[in-house]
Every structure is written in C-alpha cells, then in structure tokens.
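Note that chain A is present in both complexes that follow, paired respectively with chain B and with chain C.
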Partner chain A sequence: MDDALALGFTKAFPGGPEISADLEIDTRSPRVTVLFGPSGTGKTTLLRIIAGLESPTTGFVRYRQETWADIARGIHISPQQRRVGFLFQDYALFPHLSVERNIAYGLHSSPRAEAARCVQGLLERFQLQGLAKRYPAQLSGGQKQRVALARTLALEPRVLLLDEPLSALDGPTREAVRGDLSGWLHTLGIPILIVTHDRTEALALGDDMAVMDEGRILQHGPVDEIFRQPANQSVAQVVGVETVVAGHLLEVADGMAKVVVGQTLLSASSDSLPRDQSAVFVCIRAEDVILVKGDEFAQASPRNRMPSVVKALIREGPMFRIHLDCGFPLSALLTRQACDELELKPGDSIIAMVKAPNVHLVPRDVRRSAKADSTETLE
Partner chain B sequence: MDWQAISLSLRLSTMTTGILILIGLPLAWWLASTRWRVKFLVEAVIALPLVLPPTVLGFYILVAIGTRSPLGQAYEAITGSRLPFSFQGLLLASVLYSMPFAVQPFAAALSTVDRRLMEASYCLGVGRLATFFRVTLPMAWPGILSGIVLSFAHTVGEFGVVLMIGGNLRGITRTISVSIYDQVEALDYAAATKTSLLMLIFSFIVLAITYALQRKPVQVWMTR
Partner chain C sequence: MKISARNILKGTVKSITDGAINSEIVIDVNGTEIASQISKASVDHLGLKVGKPAYAVIKIDNVLIGVD
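Our next item is the complex of A and B:
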C-alpha cells in the first residue's frame, strides 16, 4: 500500500523480550486504531519507534513514500522531522510554561501573529480560554489532557499517537473525558494510534484494533469483529472473552455448528471456522449469558440451554459476575437487580442460556486464523 | 584592608565560575545522559579535588604546567609568558580545583529533569540544543544556580592551591585568603579581623541569596 503507515520491525532489549511489529495502517481513510494488550507487551515501545524516539533493532518504518527508519539502509529520521504528534501518558506538559506558552511551544518558527492566532483557535476549540495564563500544576487532569492535545495539534501532525491517554485520570473524570476525547479524535482527519490495556477504552475510542501480547501483534481488524471473533485463543484471552474452553466440532450444517464440551452439546455459528478442523476453543462472553430459574422458559429462543449450578457470586461495581458449572466452567455478568430478583446464591440450580451466534469457535492448536487476510498473526 | 587582594579574588572567582559554566554544563550534560559504562571513572577524576589535600593537587598542577612540561612549554611558546606564579596559572588551577563544586550539582540537577519533557519537545519539532535551553536548563535551574554559587564561593575561599601555584605576589596572585594569612603572620590581628569578618559576611550573603533565589521563581510549579 502506497498510502500506508507501514511497520515491519523488531526491537530487542538486552535480557528482555523481543518486540516485533508487522502492521499497515491506511492513511487515506483516517481511522482510530487501538493497540490493545496487557501491560508490558511492548505497546508503548511500538509508539516510541513510530515517533522516532527509539530505533528498531531490525526492519523499517515507512509513512507513504517516506522512509522514517530502515536499519538495513542505515536510515533514521529524527522525531523533529517526522511531524508525528505524541501524547504522553502523563501528558508531559512543560511545568515552567503557562498553558498558552505550552501550546505555542512548537510554533517558534512561525510568524508571531500567526502563532498567536493558532494558539487562540486551539484554546477555544478545547475550551481552555480562561486558563491561558495558568501553569500545568494549577490544572485538573482533564484540563492537562486538553492542553497536551492542543499543543500536539498546533503543529498539524501527520499521525497522532496517544499513550494510555486516560490512565492518568481518576474514575469519574475518565468517563467524562473519554466521550470528549472520542469526539475530538474523530474530527482530526489523520490516522491515530492509541495504546491502552483497558477494554472499555478500546471499545469507546477505537475503530480498529491491533491486539498485542508478548511483543507481537496477534490480530488487526475492526474492534467489534475482534471482540466477536477473536482469531485464536491468545486473542480471546487478551480481549477478555470470559469463558474459553476446549471443545470438539461434531458437525456443520446450514451455517450452524454443533460442538461438544465435555458432556455438553452446544450450537454455534460456524462462519469463521476452517474446514478439517475438529479441535476448537469455545468462547462465550459473560454479557451474553442469560440466566433463567425454573422451567417457565422451556420454549425460549436461545439454542443453548444448560442446567447449571451457581458456584460463586463476585461483585464488580454495579454488576455481579456469576461463576457457574454447566459441565464446564461458565461465567455470566448480571446487574445487581437481576441477581436480587433471581435470589441467586451459591449451590442454586439454574438454566444458563446462550444464543448460538454468541458462541464463538476459535480453531485450536492453529496459530493462524481462518481469516488470514484480515489478521496479522506473526509466527 | 587589602582591597587589591579582594578585587583579585573577585576577579579570579568570576572568571573561574564563567569558565566552569562554559565547560561544566556540557560535561555535566554528558554525564547525566550518557550510558557509557566507564563514566564512573570520569566522575571519580572530577571529584578528586574534593578528597585530595590542596597541596597534592597544587603540586601536580605545578608539575603539569611547569616549564619542563609539554603544556608549560607549549603555553610559553604561544604566549611568551609562563603559567606558574601567574594569574593565568592560578585561574587554571582554580578551574580544576572548583570543578566538582560546579559539575556535581549541574549533573545532579540535569539528571532529575524528566526525559519525557525533552522527548515531548523533540516531537514538537524542537532540536536538541534548543530543547536544552528551553526545557532542560529552566527545569534544572535551581541546581545549576547552586553549582554556580558554590564554585564562586569555593574559589573565593581557596588557599592551599593558591599558595602552591601562585605563591604570594601582590596584585597578581595574592588573593584574600592569602592576604589574611599574611596579616596573621605579621601579627596584624586588627586587619585580619576586618578582612575575615568581610569574608564571613560576604559568604553569608551569597548563600542567603542563593537559597532565596532557589525558592522563589520556581515555586509556582514546584508545589505539585
């Protein structure tokens, strides 16, 4: 692709893990790509290499026709020349400069009047007018983030990189800022890469997602597709599909698959399943599990109805996570109200229902996914 | 009061401090940012004057700049004058002697500056040198100021090295501390008392100003 931000590099750390990145991001139809994965998998390093703050050990970084780094050819373009916007995790505002001077920092070579106009425009756009003379220490977390974003955008970057943009904020602020941030990002018209390990953040901010674990990009595609159809077991575990159990495929007919997990027979959709593959992982998200007491729903539509025993109830904020045994361990997520109405307690017998399309099958023992064209699995 | 010695001391200290800013800042910046494995050797060499008796340091410098040494001969060939027992020789010795008092605070201050601030500056298109002056130096300013004042005050107060290198030549190498020594030797206690008191007051004022300056301009962003 000629109009892509293309990464194909490895980065080795002495005594540490190796990070390898193989990713192409289209720069013509700018989308927000979330780099998702647990902490310490090299997501931030990947951003730093794109920005030019670090060099890869082997390989290249290309932006459209420009080569930003190519180890074999001895090319390393400095961060100053790349025009990449980088929003640091704790924003890295200059503490000795006021808000307006922070924003104007990179505009030192522009004519004074033009720089002032640009700063004024950004102050208005990010609702910072009253704060121009303040210092970073006098700002709230959300305000700091807006200043950092304005400072980065003053230079009209060609690519924007955000490292855990919400992690420096406290809970209630984070939710409010998340909405605003998503709105701003989608008006910028440049490709954006966001690093996060927070699932809600990934879903809220991203159009596309690249799942990273242990230094590798496991899958790259639209966010909902990745959550609904993880390419393999590692992706499923990273993105947090709560129930991942091994099963065997019995038959596929009319787009429906029959799998057996232990003694339990399940119906699943079969659209992402390769042929000649009987070993599968069965993935069920806790949100997709419906719990029913008694027999009154015998005529219900979900294909899968499993008699289960409640093992444990764990409170998670406003929700309850129910651990069930239905022949295999199954996890369900219920509101507190639903839990109260069902009068659930450990040891209760209950019917767990899951619609067939919500039972996802992932090939087992095969590292490459069936949809190889839409994924970036690295060996 | 030996005003000539006082003026000489001030001149020597000002020039020494100026030179230490010029060579000490890059050196400290290098020490603070290098990942070179044997940098501890460089640090140890710079810190030597802290532990060596001034006589030992003075003796080695004297040998190094003497007329038989390559350095001394080169200097003489270029300028036509000799380094030992001259103001220039004294200046060189003072720079070496006060080096740790400048470089150590400089390096400590520079290494506390968050690297991400510099990286943020690079990503905003600002070059390394400009970043040093626009971000690193302002952030490290309290420590830099300490280094400047300490090296100035230390040079004003030096004695042993001055005697070894400069001797006691009126108007050329007789600094304030040597002058006090002379006055005591001559049993002129009244003069010695006056000069000593002046030194004491001067030192106190300098240090008080330093601490005051360190607090005020940075207070806004230090109170996080």
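Our next item is the complex of A and C:
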C-alpha cells in the first residue's frame, strides 16, 4: 500500500522478550487505531519506534513514500523530521510555563503573529480560553490532557500517537473525558494510534484495533470485528469479551437501561452511561450467559431471556464455547457436563439468560463509522 | 433441570431487602443461607415472598472455595 504507515520491524531487549511489528495503517482515510493488549506486551515501545524515540533492532518504518527508519540501510529520521505528535501518559507539560506558553512551545521558529494565531485557535478548539495564563499545577487532570493535546497539535503532526491517554485521570473524570476525546480525535483528519489496555477505552475511542500480546500483533481490523471474530483463542483471551454488538439505547429509568440490538430488546445496568448517548456497544461475556432448555425453568430472575438457536459447539479444554443466534451472534461458555445434560447440538432451540448487570454498555461514536450502521449486519 | 448452570439449590426465601434498584434476597437452603442480588422488577416478576420456595442458581465459575 503506497499511502500506508507501514511497520515491519523487531525490537530486542537484552534478556527480555522480542517485540515484532508487522502492520499497515492506511493514511488516506484517517482512522483511530487502538493498540490493545495487556501491560508489558510492547505497545508503548511500538509507539516510541514510530515516533523515532527508539530504533528498531531490525526492519523498517515507512510513512507513505518516506522511509523513517531502515536498519539494513542505516536510515533513522529524527522525531522532528517525522512530524509525529506524541501524547505521553503523564502529559509531560512544562510546569514552569503557562498554558499558552506550553502550547506555543514548539512554535518558536514560526513568525510571532502566526504562532499567536495558532495558539488562540487551539485554546478555542479545546475550550481552554479562560485558562491561558494558568500553570499546569492549577489545572484538573482533564484540563491538563487538553493542553497536552493542543500542544501536540500545534506542530501539525502527520500522525498522532497517544500512550494510555486516560490513565492519569481518576475514574469519574476518565469517563467524562473519554467522550470528549473521542469527538476531538475524530475531527483531526490524521491517522491516530492509541495505546490502551482498557477494553472500554478501546471500544469508545477506536475504529480499528491491533491486538498485541507477548510482543506480537495477533490481529488487526475493525474493533467490532475483532470482538466478534477473534482470529484465535489468544485474541479471544486478550480481548476478554466474546459478544460486542452495536445497539441503540431506548430509555434509562430507575438505574436500568433498555437497549435494542436489531429486533432484540435487552435490559442493562445504566451505570456510567452518558444520558445523551443513544448509540452504544452492547457487551456480554460468554461466562455470564446461562442456557435453559424447554420450559422447566420458565420463571427466573435474569431480565434478559432470549430465544436462541444453537449454531455451533466448539471444545475449549474442559469447556465448550456455544455460538448462538438470538437475533444477534451470542457466545456462551459451558462446562462439558452442562452440554451433555442439555444434550446440545446445532439447530437446537434454547433460551439464553443474562442478568441485566452483566450486559455492559459502552458509548459508540456514530460519527466516526460509516460502519456504525453497517453494524446493522451485526444487529 | 435443563439448565446449563451446575449448581441448583432448592430452598425457601428467608428475607427480601429492597434497595433503590435491586433487592437482596436470602434463600435458606437446608440451614445454609445463600444471598443474591436481583432487580426489584425481577422480585415482582417472580412474585417472591418470604417463605416461598425458590432456587438459587450458581455457575461454577462464580463459586469461590476457601479452607479453615
């Protein structure tokens, strides 16, 4: 692909695991790619190599027609020449500079009037006008993040890299900032890579996902596809949730949400769901699904009772993963004994039950994906 | 019982304590108390009342084991 950010490198650490990246990101239709995986798996190192802050041990980094690094040819372009924006985990603001001087820091070579215009534009864009004279110590976590993002964008980067952008925030602030951040990122028009090990962040911020584990990229594709069709058991284990489908919130009342997925109506806990958000991802772990055959257990407490058809049974060690169609694809994880007692086989009709608190809703940004409504195929 | 959960314990409802959204239900299973949290809507739906027979259903991955 001529217009890709192309990675094909390894990075070895003495006595440590080797990191290996083989990834192409299309730069023509800017999307947000989430590098997702457990801590210590090499995600931040991968970002630092793209930025030019570290060199790979072998291989290359290319951006469109430019070679940013190529070990065999002795090429290593500096971070400044690459024009990559890097938002550090702790934001790395200069404590002795005001908000406006932090933002202007990289603009010293620009004419003064032009720099001032750029800073003013970024202050407005990130709603920081009233804070221009303040110092980082006088800002909240969310405000610091906006300043750091503004400072990074002042240099008009061609690629933006964010390392765990919400990890420095406390829980309630993180939830509030997550929605804002998603909105800003999708207006930038440049390819963006975000490192996170948080599934909710990955769903809320990413269009695409590259799943990493033990130094390797295991799968790369649209976020919902990764959750729906993990390429193998390792990916399924890393992403840790088997059913992620697009849905629409109908109402929230008394702490419970009603959400519709295709024709299926579900009840969910409405904890942490913004009230003005109607597009959501509906997430259900396979372990939380109980199957009932016949009507012997006609009355039970779970709010969600979904008539389903068994599509497939896949053995996973002592467990069986059951693929169901309940109006949308749903996975259940059962013991072998449970499968035997239910005499499950493909084509069987069955009731899938899920408690409402086990149906997790994550806000979904419909602006970003033309795919959002292609998830109607999901729905 | 044709249900995938491995642990199905028959008992009687010992107490119902309502919260804002959910209720805590205690089921007496032969002298052992099993506590559960379900929505108030489910309490109404099932017609649960103290003294009524009910089942506690527990998936195996939700059972913790300890020793003295």
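The criterion applied here is as follows: the second predicted complex is superposed on the first by the 244 of 379 C-alpha atoms of A that agree within 3 Å, B and C clash if a C-alpha of one lies under 4 Å from a C-alpha of the other, contacts with A are read in each partner's own complex, and residues count from 1 in each chain.
By definition in this document, a contact is a pair of C-beta atoms (placed from the backbone, for glycine too) under 8 Å apart; a residue touches a chain by one contact, two chains touch by 3 or more.
These numbers come from a predicted model, not from an experiment.
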| item | value |
| --- | --- |
| First, second, both or neither for A:Pro136, with chain B first and chain C second | first |
| First (chain B), second (chain C), both or neither touched by A:Pro302 | second |
| Partner chain in contact with A:Ala356 - chain B first, chain C second, else both or neither | second |
| Chain B versus chain C as contact partner of A:Leu155, first or second or both or neither | first |
| Partner chain(s) touched by A:Val292 [first = chain B, second = chain C, both, neither] | second |
| Partner chain in contact with A:Phe94 - chain B first, chain C second, else both or neither | first |
| Which of chain B and chain C A:Phe13 touches, first, second, both or neither | neither |
| Interface residues, chain A side, partner chain B - complex | 51-53, 78-80, 83-86, 88, 90, 92, 94-96, 105-106, 108, 135-138, 151-152, 155 |
| Residue ranges of chain B in contact with chain A within the complex | 114, 116-117, 119-127, 130, 134-135, 138-139, 218, 220-221, 223-224 |
| Residues of chain C that touch chain A when the two form their complex | 1-6, 20-21, 36, 38-39, 41-43, 45-46, 57, 59-61 |
| Touching residues on chain A, where the partner in the complex is chain C | 254-256, 267, 287, 290-294, 296-297, 299-303, 332, 334-335, 337-339, 341-342, 355-356 |
